[in-house]
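What follows is a set of structures to go through.
Note that chain A is present in both complexes that follow, paired respectively with chain B and with chain C.
After this line comes the complex of A and B, so read on.
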C-alpha cells in the first residue's frame, strides 16, 4: 500500500504535468456535445453550406434522445478509443525503453503496486473524462431532444465505464509485453478494430467482453437482455483481472530488458 | 559482514552467447573497486546481475553473508546515462527514490534534502529536472543512488560523460562516499581508477582476467627502470658510455634497468654526481594503468 501510494502519486503528477487531465476530458466533452448539437442543427448547417438547389427539401428522420446517445457512444468507440491507445500504450513500454524504469527496477519494487498504480490512475482519468463527456452530452440531448430514462442512462455509464477499464487493461498488457510502437498498434487493434470484427464474427455468441460498448447502448434504448449483459460483465471482469495479473508477471519478467 | 559481497563463479548466458563467464571477486567494506575492460567485456552485465536487473545463469552473489534474497534496499545504482522523469522537480524525484527504497515518509524529505545538499543541488530542489545540464543530471543520479544510505554503491561509468570540471566534482563526491559505502564502479577512464581505487578487476570477453590492488598489479606488470632526463642527447650518450650501469639511451633520456632492486637510486645518483652532467629529472618509472590495461586486456 505504501509503494502503491508513492507510485500512484507519481502517475498522477505525470497526468497533471503532461496535461492529460485537461485534454482527455476536453476531447470526451467535445465528442459528447458534438453529436446532439450537430444532429439538431443539421438542417440549418446544410442550408448555410449553400450550393443547394432552391427547391431542395431534406427529410431528416426525427431522432430520439436514446438514438443520439447511441451516436455519441459510436464517437467514443472510435475517437475515444484512439485516445486510449495513443495516450496509454506506452505506460510500461516507454519507461522500459527510455531507461527511466531502471530507476524503479533496481529498488525493492513491488510489481503489483507498480502496475496497479498505472492501471488505477489511467482508469480514473478515463472514466472521469467519459463521465464528464457523457454528462455534457446528456445535458444537450435533454435540452434539444427531450427527456430520457435516468436509470437507463446510469446503466449506460456503468457498463461503458467497465468497457473503458477493460480497454485500459488490454492496453496495459500490450505495454507490458511489447515495445511502445508494437504496443500501440496492438492496442489499436484490440480496442478499436476488434469490437467491429467481434460484431461480425461472433454475432451469435453474446458474451464476448468486446460487446460491452454495444450493451451500454442497448441498455439506453431498453433492448438489452439482462442475462447477456450480466454474463458479459462477469467475463469482462475476469478478463480485466487476467490482463492486470499478466501485466504484473510480465513486467517483472521483462525488467531485465530495461535500457541502462 | 556489513558492506561485504562475495561473487562466486558468476556466469550469464544469452542463448548461445556467454556475456559473463565464471567471475569471482570480493568487495570489502568501505573500499572502491574499479571494473575495467573494453566495450563488450561484460562490465554492465556484471553490474546488472549485482543490481538484480538480470538473473545469473549460474553462480552466487553472497551479500553480507546471505545469498538468494532481495538485497535491493542495500544497494544504490547509477547508470552510465541516467534517465529521469523530466517533468518532476528534484525534491519530488529524490523523495520518491527514498520512499521506494524503504525510507519512511517522515524521513524521506529530510534524507532527500541532505542528499541534494551533498551533491551540490541544494539550491535547485524545486527546479524541474528537464532543464538540467549533463553534470547536474549525473549529480542527481548520484543523489538518487545514495538517498537511502545504501551499503553498496554500483556506478556504471559514472564520469565518462562529464567534462573535466564535472568529472573532478563527481570523483570528489565518490571519494567522500567511500568512507561510508562499499563502491564498485566500471570505467574506461584509467586515470580516475588510478586515483581512487583499492582494488582493480580487469575484464575481457566476459572473463575476469586480472584482479588485485593497484600496487600489486603495478608490481606484477612493472617494467622496472629508472629514467634520467639529461639536458642534451650528447650528455646522455656520454653518461651511457662512461657508466657501468645497464643503461640504454633514447635521445636525451637514459633508461636504467632494475633487476632485483639493483642498482639502487642512491647508486644511480652517485654516478650522476660523479660525471657532473646537467640533468632535469631522475625518477623510478612506474608502470601506468594504461600500460597495464593494454597488456592485460589486449594481451600485449
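After this line comes the complex of A and C, so read on.
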C-alpha cells in the first residue's frame, strides 16, 4: 500500500470513530426533508399553533418545486456550512496541537499524501451526505409539490458539490495555517459569512466562486447564464487547486513547530 | 379546524422523527464513550436531549472538541 491509501484509511477510521459518517448524513437528510414538509403543512401548523382570530385569512403563495429546492439550499448554506466549518477546521490544526502530528512528522512523511488524504476523505463524506440529503429532499418535493426538471436537478447537484469541495479546501487551508480556534473562526467567515456578503461586494462581477451556491439554485430555476456558470466553475477549480497546494506547502513548513 | 393526531400524515413525518431519534441516540452513545468533552458532560446530555435537531449538531460540532 502506498502512503496515500494508508493515510486515507487512517482518516476514514477517524471519520468512523467520531461518528461523522453517521451524523453528517443524518443532518443533511433531516434538513432536506424538513424544508418541504414544513412548507407544505405551514397553513395547518399556523392554524394549530398560532392564536389566530377565527376569521383571519392567510393567503400563502403557491410554492413551485424549484422554490423549495432554493430554500433547502438556503438551509445547507447556513447550517450545512456551519457543520463544515466546525467539524473540519481542526483536521490539521488539532493534530498539531494534540500530538498526533508529532507521531506522523517523525516518519518520512509525504506531505502531499498527508494533506490530500484529509482533503479526499472529507470531500467524500460531505458530498455523499449532500447527495443523500438533496435526494431525500427531491423525493419529498416530488411527492408534495410535483415534478421538476431532472437535468436541472443534476446541474444543481454538480455545482453545489463543487462548492462543497471549495468550502472543504478553504477550511483545510485555514487549518494548515492557524491554531484550531482561529482556524474555526476564519473558516466560519470564509464559508458561512462571506457567501452572504458576496452579493454586496462583488455585485457586478459574476465570477466569484462564492456565487457557486447561488448558481446552483439558479440552474434549478433555469435562469442561470451558461457562460457565467462555466467561468465561475473554472475559477473555483483553480482556487481549490491553489488552496490544496498551499495547504501542502504550509503543513510542510509548520512541521517544525509541532509540540509534543 | 384543529388537526387531530390521526390526521397527521405519519407516513411523511415518521422519517423525520426516526432520524432525529437516531441522531440523539448516537450523540448520547458518543457522549458516554468519549473521555472528556468541552465542558461538563451532564450539560451536554441535557443539550442533546432537549435541543431536538440543533442539540446533537452543536454537541458533535463543538462539544466533542476537548482540548
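Of note:
In the analysis below, the second predicted complex is superposed on the first by the 258 of 260 C-alpha atoms of A that agree within 3 Å, B and C clash if a C-alpha of one lies under 4 Å from a C-alpha of the other, contacts with A are read in each partner's own complex, and residues count from 1 in each chain.
In this section, a residue touches a chain if its C-beta (ideal position, glycine included) is under 8 Å from a C-beta of that chain, and two chains touch if they have at least 3 such contacts.
Here the structure is a predicted model, which is why all the values come from computation and not from measurement.
Per the definitions stated earlier, placing chain B and chain C onto a shared chain A by superposition produces no clash, and the two fit side by side. Of the two partner chains, neither chain B nor chain C is touched by A:60. Of note, the Cα-centre angle with chain A at its vertex and chain B and chain C at its ends comes out at 80 degrees, rounded to the nearest 10.
In the overlay built on the shared chain, the residue A:26 is in contact with chain C alone; chain B does not reach it.
In the superposition on chain A, A:256 contacts chain B only, with no contact to chain C.
Looking at the shared chain after the overlay, A:10 reaches chain B, while chain C stays out of its contact range.
Contacts of A:18 after superposition: both chain B and chain C are touched.
Contacts of A:99 after superposition on the shared chain: chain B is touched, whereas chain C is not.
By the touch criterion defined above, A:200 reaches neither chain B nor chain C. For the three-chain overlay built from the shared chain A, the minimum Cα spacing from chain B to chain C equals 8 Å.
On chain A, the surface patch touched by chain B in one complex and by chain C in the other comprises residues 18. By the touch criterion given at the top, residues 18-20, 22-23, 26-27, 29-30, 33-34, 37, 44, 47-48, 79, 82-83, 86-87, 90, 94, 97, 136, 140, 143-144, 180 of chain A touch chain C in their complex.
Listing the residues of chain B that touch chain A in their complex gives 44, 48, 51-55, 70, 72-73, 75, 77, 79-85, 87-88, 92, 96-97, 99-102, 144, 156.
The touching residues of chain C, when paired with chain A in their complex, are 1-3, 12-13, 15-16, 19-20, 22-23, 26-27, 30, 53, 56-57, 60-62, 64-65, 67.
Those residues of chain A lying in contact with chain B across their complex are 2-3, 6-7, 9-10, 13-14, 17-18, 98-100, 102-109, 255-256, 258-260.
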